[in-house]
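Written out below as structure tokens is the structure these notes cover.
Chain naming follows the written order as A, B and C, and within any one chain the residues start at number 1.
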Amino acid sequence: MQSQRELCSFPIAPSHKSKLTSAGFLITEDLKHLKPSELSKETGIGLEECLEILKLVCSESVDGSKRNEAPKPAVSALERLKEEQSLPPIITFSEGLDNMLGGGVPLCKITEFCGAPGVGKTQMCMQIAVDVQIPSQFGGLQGEAVYIDTEGSFIVERLVDIAKATVDHCNEMARLEGFKEGEITVESVLSGVHFYRCHDYVELLATVHLLPEFIKKHPKIKVVLVDSVAFHFRHDFDDLSLRTRLLTTMAQSFIKLATEFKIAIVLTNQMTTKFSPGEDSRLVPALGESWGHASTIRVILYWEGQKRWAWLYKSPSKKESRVPYQITMGGVRDIVTFPADNSNDQSDDEPSSKRQKVS
Amino acid sequence: MQSETGLQLLARLGSRPSIAGVLSPIFNDGPSAKDVIELFGTEGTGKSEILLNLVAGIILPKTWKSVNLNGKDASVIFIDNDYKFSILRLVTVMENRIHATLKNAPQAEENLTNDVELLIQKCLSKLSLIRCTNSSELLVTLYSLEQTLLSNPNISVIMIDSISAFYWIDKCNGGESLAAQEKNLTLISEVLSKFINSFSLIVIATKCALMKKRMREDYNLEKSASNIDRLKNDHQEFLCKAWGQLVTQRFHVEKQLASNHFKCHCIHLGSSKNADKTVIQFQITDNGIQVL
Amino acid sequence: MSAVRPNLCPQLSEDVVSKLRSAGVKTVVDLIKTDLEGLALETSLPYKDLVIIRRLLLAQFSTFPVNCSDFYLTTIASSSIIPTPAEKLNELLDGGLYTSEVTEIAGEISSGKTQFCLSLCVSVVMKARQNVVFIDTCGGFSADRLAEIAESLYGEEHLEHILQSVKVIEAFDIFHLMTALQTIKDKMVKKVDPFYDTLKLLVVDSITAVIYPSLGGQQMDGHGLMVQLSLKLRHLAADFSLCVLVVNNVIGDGKVSLGKTWSHVPHCRLLISHPKDQESNVRELVLIKSSRLATGGKTKIGITEKGIEDWT
């Protein structure tokens, strides 16, 4: 059986495709025994490019799995289940939220937190950036984080607060369990967050483009956070089809990144008002509906009265559900005390570390 | 000048079975020899269904067990570029059509189910299916059909579903040059034109409305000249010129969302009578096309 | 189609090929359409040889017409209907999903498209005793959820078998997806892997995720690639009697994405949505396109730990 795959179904530049076509090269078989120089002579495409084309086409036709860019071979769902179970999620320090997500923020997936300003999206990101570094003896991932800030809302003092609470908590755990203290310090946490500030969407796309190389050099990275993905795409975009294309391309880069390096991708998104005929206007996540399909897991954060709620809106594995949470000095926490007593969510009460089980 | 063999001469001059009146009133008393008919419409407007009904009418015999089935007893070559041809659907349409006719025929014998099955089998052998995966393959296949057409004078029709199937692929492979983009379809049109003339064939092809000029959804359908103008305006030839010149009749098919009914407008091209105002309404049932 | 290259047929030696190429005959199409007498003069190749080459190439590269009387019998023998887990939905679809067809499920965010696919996977394995390939293009596949559905329906003893009968391929762009489809085709043709001998369902979740990035802007390329992908899916369905299930998005006001060109592709299109006045796990399915059945029929399903099921 000949390999009849058409050359035009390969990622070859359109100008080269038409040159190949007009020189009569149409399927993989046509190129199989050619040298780059011969192909270059026949088509008028540069020698280097011919080499690239031949590499692309011929190595694939021999064995699809040989090129490192080729898709991974098929695996059975059973293997996938074992793999999914072997990847510990990143806990958030809110047990309710973790349970809703099936243990925490999962690796290999895109998790999107949507919410109005002030509801705690940035706090959530910082909490995750810190939590991903919890040492393994406490059940953590002992990883590092990439933090991409597009809005300028990252405040290092807040990160220090959250880091401090987490470090204290780990040290207390260590004391109780008889481990060595000082495995994790505020300094180690801060140096484990790789921070980028992107001022426009071009910078954001460029940063995302360079991430694979960066993560290869820093293999401890377990999470990439983007706060927020919406900011630069919401304004100054007249060409909506271009926006859709850029956003969906970026989404595919993210999911590639997530599965290739087995890391979590956490994105935040803003809310926008949607008017539809015959209905009251309501708040929906920004960036439109085609973007909404991009994230694997979508959590909407919202206020109800004085209480913050997290609503699991979309997930391939978990049911839709809602849990309340609060933001304390030490970061994102469950609401465990009686809600009536806790009229002020922004209270400075220290996280009660005994409540938080990290195991 | 190549000399002609006796067989070739016979095939050229000897008449192929007529299929006139096969799906009247949609095609009136046509199609007649050398017609090139284009069925044009968006997705889900019943183009392929019209083809299936035509096939059923063409391959059935005129009479069977002294019951008038009103078939044409001719052979068809069906080129399925869209990979959508459903033989099961065709058989259903044929079965229902035969049973409906038998019901109204007093002379029909009882319990012919087995015989009907055999009849359909026999009729199906008059239908040849060709599936092509790209425009080059379609072209080469058409070249190879010359021999088939010569040796089988019973073939009256070539159907192509759809002629626009490879439009985008050819467009993106051709690069900047329009001639390169249209090369294959131009050659295909030339071969078809040659077949039509030397064998007095009929070609019926569907064309998807891939490109559409402004289309108002809420127009008011009236049998007026302006309506025909509107349809003419709505159609814009996006395939190559050679194909456009080949077509003699174009049928616009539309679906009316409210009633689930379909409308078919016939437009004769290049004829002096200009706009033919025939508008046929039909619906699609399990039995096939039912003209209203 | 192919270039004119040595060894396509015995008469095509290196020498003949280079003579043909210098006369502008580069592809099989070129050779077939060219006037052979003129070509013989121009290339000084014997006319007789050219006629033989032309005849052999015609035979090799044209598609042979299939007699529909035979085709009918083979179609009946090879086609089957895959029932969904919801009886009312099966009634709507005249039995379920048909082999040789491309079925599309389209819906808004979180409308249950992936759940529908995962449920179908379990159905195919347990009801039709066949295998599934699930191509995941957006990271939505959840083995954990598949296991939950399988276990709550059929118990732990069948879990391993079900999970082993579903293979997952990750392909995050359109080229990887086409490579994956080519690989599947090669495996079915070569018959080296018994898994693929009983492959019946191919899921692509979602088709939109890989097509969107290449569409729009000034590029023609995107549409070409989309059509090519659609043809590959339909060829697989028809040539190997597969049931192909693709997931598409709905964006704003019930409009299915990917536009006119794509809308021709599926034989059957189902719209899944959450009716506003219903509980959160209830979904409505509407048949909005079918090449076999009347459209507009609807039914309700519920999404539970068992996957999808009739809602009463």
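The working rule: a contact is a pair of C-beta atoms (placed from the backbone, for glycine too) under 8 Å apart; a residue touches a chain by one contact, two chains touch by 3 or more.
Which protein is which chain? UniProt says A = DNA repair protein RAD51 homolog 3; B, C = RecA family profile 1 domain-containing protein.
Nothing here was measured: the structure is a model prediction, and the numbers come from that model.
Enquirer: What pair of chains is linked by the most C-beta contacts?
Expert: A-C
Enquirer: Of all the chains, which has the CA centre nearest the overall CA centre?
Expert: C
Enquirer: How far is the middle of chain B from the middle of chain C, if each middle is the mean of its Cα atoms, in Å?
Expert: 26
Enquirer: Measuring centre to centre with CA averages, how many angstrom lie between chain A and chain C?
Expert: Going by mean C-alpha positions, chain A sits 29 Å from chain C.
Enquirer: Roughly how far is chain A from chain B, going centre to centre by Cα mean, in whole Å?
Expert: Distance between chain centres, rounded to whole Å: 52 Å.
Enquirer: For chain B, what residues touch not just one other chain but two or more?
Expert: Residues 134, 136, 169, 172-173 of chain B each touch two or more of the other chains.
Enquirer: Do you know which chain C residues sit against two or more other chains?
Expert: In chain C, 1, 27, 220-221, 224-225, 228 touch at least two other chains.
Enquirer: Which chain A residues sit where two or more other chains touch them?
Expert: Only 6, 8, 14, 26 qualify.
Enquirer: Looking at the complex, which residues from chain C come into contact with chain A?
Expert: 1-5, 21, 26-27, 30, 108-110, 114-115, 118, 121, 133-134, 137-148, 160, 162-173, 175-180, 182-183, 186, 189-190, 206, 208-210, 212-217, 219-221, 224-225, 228, 232, 249-253, 257, 280-281
Enquirer: Within the complex, which stretch of chain A touches chain B?
Expert: The contact residues of chain A facing chain B are 6, 8, 14-15, 17-19, 21-22, 26.
Enquirer: Help me check something: in the complex, which residues belonging to chain B touch chain C?
Expert: Its residues touching chain C are 42-44, 48, 77-78, 82-84, 86-91, 121-122, 124-125, 127-134, 136-137, 139-141, 143-145, 148, 165-169, 171-173, 184, 187, 208-210, 212, 260, 284.
Enquirer: Show which residues of chain B lie in contact with chain A when the two form their complex.
Expert: Listed in rising order, the residues of chain B that touch chain A are 134, 136, 169, 172-177, 180.
Enquirer: Touching residues of chain A toward chain C in the complex: what are they?
Expert: 1, 3, 5-6, 8-11, 14, 23-27, 29-30, 42, 60, 64, 70-78, 80-81, 83-85, 102, 108-110, 241-242, 244-245, 248-249, 251-252, 255-256, 258-259, 276, 288-290, 292-294, 296, 298, 313-314, 316-317, 319-320
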